[in-house]
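Here's a structure for you.
Here the chain labels run A, B and C in written order, and each chain numbers its own residues starting at 1.
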Amino acid sequence: MRRHLPVLVTTAVFVAMFVACSLQYPNFASTRVVANLLTDNAFLGIVAVGMTFVIISGGIDLSVGSVIGFTTVFLAIAIEHLGWPPAVAFVVVLVLAALFGAGMGAVIHYLEMPPFIVTLAGMFLARGASFLMSTESIAINAPLYAEISSTVIRLPGGGRLTLIAILMLVVVLAGAVLLHATRFGANVYAPGGSRASTEMMGVRVGPATIRIYLLSSLLAGLSGIVFSLYTSSGYSLSAVGVELDAIAAVVIGGTLLTGGYGTVFGTFIGVLIQGLIQTYISFDGSLSSWWAKIATGLLLFAFIAFQQLSVGLSRRGRRMAGVTAP
Amino acid sequence: MTLRQPHSGVPQIIALLVILAVNWIVSPQFFDIRLQDGRLFGSLIDVLNRGAPVALLSIGMVLVIALRGIDLSVGAVMAICGAIAASLADSHSLPVTLAAALGVGLLCGLWNGILVAGLGIQPIVATLILMVAGRGIAQLITEGRIVTFTDPALAWIGGGSIVGVPAPVAITAVMLLVTLLLVRGTALGLMIEATGGNERASTLAGIGTRAMTIAVYVWCSLCAAMAGVIAAADILGADANNAGLWLELDAILAVVIGGTSLFGGRFSISLAVLGALIIQAMNTGILLSGYPPQFNLVVKAVVVMAVLLVQSPKLAGLSAALRRRAR
Amino acid sequence: MLPDVSAPPLLEIRGLSKSFGPVHALEGVDLTVRGGEIHALLGENGAGKSTLIKALTGIYSRDAGTVRLAGEAIAPATADEAVAAGIATVYQEVNLLPNLSVAQNLYLGRQPTRFGLVQRAEMRRRARDLLAGFGLSLDVDAPLGEYSVAVQSLVAIARAVDLSARVLILDEPTASLDANEVEVLFSVMRRLAARGIGIVFVTHFLDQVYAVCDRITVLRNGRLVGERETARLPRLELVHMMLGRELSEATHDRAPVVDEAKGPVVAAFQGIGKSGYLAPFDLTLRRGDVVGLAGLLGSGRTETVRLVFGAERADCGSVAVDGRPVRLTNPREAIRHGFGYCPEERKTEGIVAELTVRENIVLALQARRGILKPLARREQDEIARRFIRLLDIRPADPERPIGLLSGGNQQKVLLARWLATEPRLLILDEPTRGIDVGAHAEIIRLIRQLCAEGMALLVVSSELEEIAVYADEVAVLRDRAHVAMLAGADVSVPAILAAIAGETLRAA
């Protein structure tokens, strides 16, 4: 069971927190709270799935927040100013995001540059590009937007499961299948363990790296679409710092920041934990929003220290079990 | 085999001169400097003054990077220390205020240093913790408001001047000199360059790398604390949300422009400060030319890529091969 | 049991050559491996074993020569092509992924899929079946890293064999295994050989060669020394083949030792050892004495000096410096007691490539003085110039980055680094490795001079003649243990060779 320990701990933390909140506030444990939790964190959940892939492969993507911002501005201008049908704008922006990610992946692999600095440049570029398009917050009034936000599944108990929440759940599910049940998924883990060994075992690291960053940017684009649906607007300053929230969610979800280990499910729980902290603070009313950042920081520290410890321990107790001299 | 030679600084100086020249073409009054109320004014002075916080950060950051580390938390540390200074300024004397702000900066550095050198956590991961939590701590101190103060003593740090030189510029210059003295006046510089260049060899040569690493992170945070105090003093208040936001990235960029490799080893503090001035000169130039300031980010992205391409070992190998073939 | 000699050889290498610039790494080497045999490939450092393996597996291109697999000429250009042709390699550093499950490691890149999804149950079943054939029953879902190195190498072998290997190259798979684990590995090797697979086994452990190998090929300095049947090759002769000394030549001896009064003891090590690293040993180092460490590659020589210098922490034993008990838990403490250490791995553990010759020379002295007492630039220049002149370091430019110097001159700079600290005990690990003949002689001259000046020296060297010339005592190592201590008149090449081969003439 040891290899599932990080995810189990994360899940246990989430359940314990949820139970504690429910005991304190009688109407906390309701489908309404759960549905809102999913809706409010839909964009974060989607982008965190992509970040999970990147971090497991041993990289990092600092550009995702900017890509979200770019996407919302692009959509607002395309739909409101240029009159594009939203669906066309969606497709175009996703293609742009994917190309952007593939470009970063190619630079990282072929020029052997640290992902940190390449995606940092990507972050500047995407944010700068959205500033150049518009510095105003532009409201999006397309009928499709209104339609999507009014489409909900009513849950017993008054919860309203929105389309974007459902989309996030679908992305989490698809991400889990892609990561855990395909050859591509295994190739994502491989370079996080050892790049040299991965190449020795005949896996082409280059194409895998490009696809990983492509996927991350693509999901950031999708997250941007969700964000614009959620806020019904486009703003170049939206989603500033989301890359940090995503990284925090991934780490709290039990993924090793140095790569090689992690799950999409853990990331999902990590996102929910962050959302739960926000929800608790808004329920409490007297607590201030900055406690969320401090709590996230503490959780980050706890999980990183826990990982450091368990990595050290697992180096010791290695098994010779199961070997029988024939 | 390609080896990086000691820094001449020529490319950086040329870059700065070119940018200044472009600024001059865009705005003919660029080099005009006038003395008003005992303080120098002018675009050039403005570049120095506005560039001071990032220059301060780069002084600490260059040492961290020379040891193959990185400190993502400097922006958050700026926010924390600025918040402390602003909150205490009106109720305490300046020495107490400064001691509190710098003391907390020191603790932040100690935290980072212990995580990196004591627990062996990757620098980028270790400093991420404070980067995330730090802004929350700063908001906790200011209780989410923009804390303003009126104490003229603290305000002087942001807006005052010494023999005409703006206080932030003077403080940064003093800090640069002190750091140069500490690093190049002792054997510390050699130890850092050796450890960043080859940690195993340095350990075998008897260098105590652990204490040195912690000290360097502490110094980096101390620089950030000072930058935070200056930023707060400048606007007569502390904005926990925006103080120092993204400045860690500017500081890293300044170090990289200054020719210090992200892979550690040889470093130059003066050139890192020059790098900070190059960034600020670009910012000011864009402002003067009438382009929207938003242009800054795109230009910065291009500069990051250009500098990295120049530093890329892969490209260096490629160009060497081409040169051989051409011969 | 020897395989049928009349059958065509499975792998036939003829006249293989490979040069790197002016260096001939391999010159006309032959290797013949028959199906079903375990073939030892032996040789000391620089013999060309790893070059041969890399040329065979497509990592290096070859300059000349032919490779035939079951009579068919092959020329793999990549590792993948070699695997496809049927040549698989398992390295000492297991090249698998510790973070992936055992099953994923076995089938990475070729997992059974349906509609793009990995059939996990099917993969698990196949993995269990495959491992069962090797006598392994593992939890195939567990990350590989949870298992010992021994199990990991067995999994690596299973993967290699499953990739349709006809020839399996095992490059020092036993270097970090204990006796039981080695036994398990051997039984797997025998089982594979019985299936008709040809195994090339690279190892430093002679006992293992005699335990499991049918035939032996020895390389030296990039050339073939010979191929023999294990059963007909006495150990002593094998050691001679590896170290390159004809029996007649080896009788050449050093000048008889004048029995002077022994100098005072600088450092005494008693029962120092570390489990899984090196068996406990005793060592006494005196003023003006040279103690040599001899043994085959991997026998524990470097391990000994690392324990002595505190670069590796001993888990038993005691150390006394000048008769007072001390603890050596890190290099700093050893340096404080006046030790110095020139490591074998110059590039990774010795030089700081981008720093100048001057900076590299003053590094250890400066570290000992502390950060707050910097050597003035004038002093640094003076020290650098002095040693550049003394050791004839070329080019004589103290401001040149050391990475641009030749190997021999880098070695001299490292010597200068320690001489500048005026050490009482200087440890040299292969001081003459990879440097040209001229520099070689100078370094030997220097060693003698240092010891005449009263320094204690501990020298690791593969050059037995050298050791026999300058050493007052020689500790001989075999299989990670000190097995003999030769002193005075007993220090001779034949005696060292005999001790290495395990046919001790006179154990001290």
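The rule we apply is simple: a contact is a pair of C-beta atoms (placed from the backbone, for glycine too) under 8 Å apart; a residue touches a chain by one contact, two chains touch by 3 or more.
Note that the structure is a prediction, hence the values are computed from the model and not measured.
Most remote chain with respect to subunit B, judged by CA-atom centres, is C.
By number of C-beta pairs in contact, A-B leads over the other of B-C and A-B.
The distance from the centre of subunit A to the centre of subunit C, with each centre set as the mean of the Cα atoms, comes to 46 Å. If you average the CA atoms of subunit B and of subunit C, the two centres end up 46 Å from each other. The distance from the centre of subunit A to the centre of subunit B, each centre being the mean of the chain's C-alpha atoms, comes to 30 Å.
Per the touch definition, subunit C reaches subunit B in the complex via residues 309, 311, 330-332, 335, 341, 343, 348-355, 359, 362-364, 366-375, 401, 403-404, 417.
Looking at the complex, you find that subunit B touches subunit C at residues 1, 3-5, 185-188, 190-191, 193-194, 197-198, 200-208, 212, 265-266.
Within the complex formed with subunit A, the residues of subunit C that make contact are 79-80, 83, 95-100, 104, 108-109, 111, 113, 116-118, 120, 135-139, 142-143, 145-151, 154, 180-181, 183-184, 187-188, 191. Here subunit B touches subunit A in the complex through residues 70, 119-122, 124-126, 128-140, 143-144, 240, 249, 252, 256, 262, 292, 294-302, 304-305, 308-309, 312-315, going by the rule given at the top.
For subunit A in complex with subunit C, the touching residues are 2-3, 177, 181-183, 185-187, 189-190, 192-194, 196-198, 200-203, 260-261, 314, 318-326.
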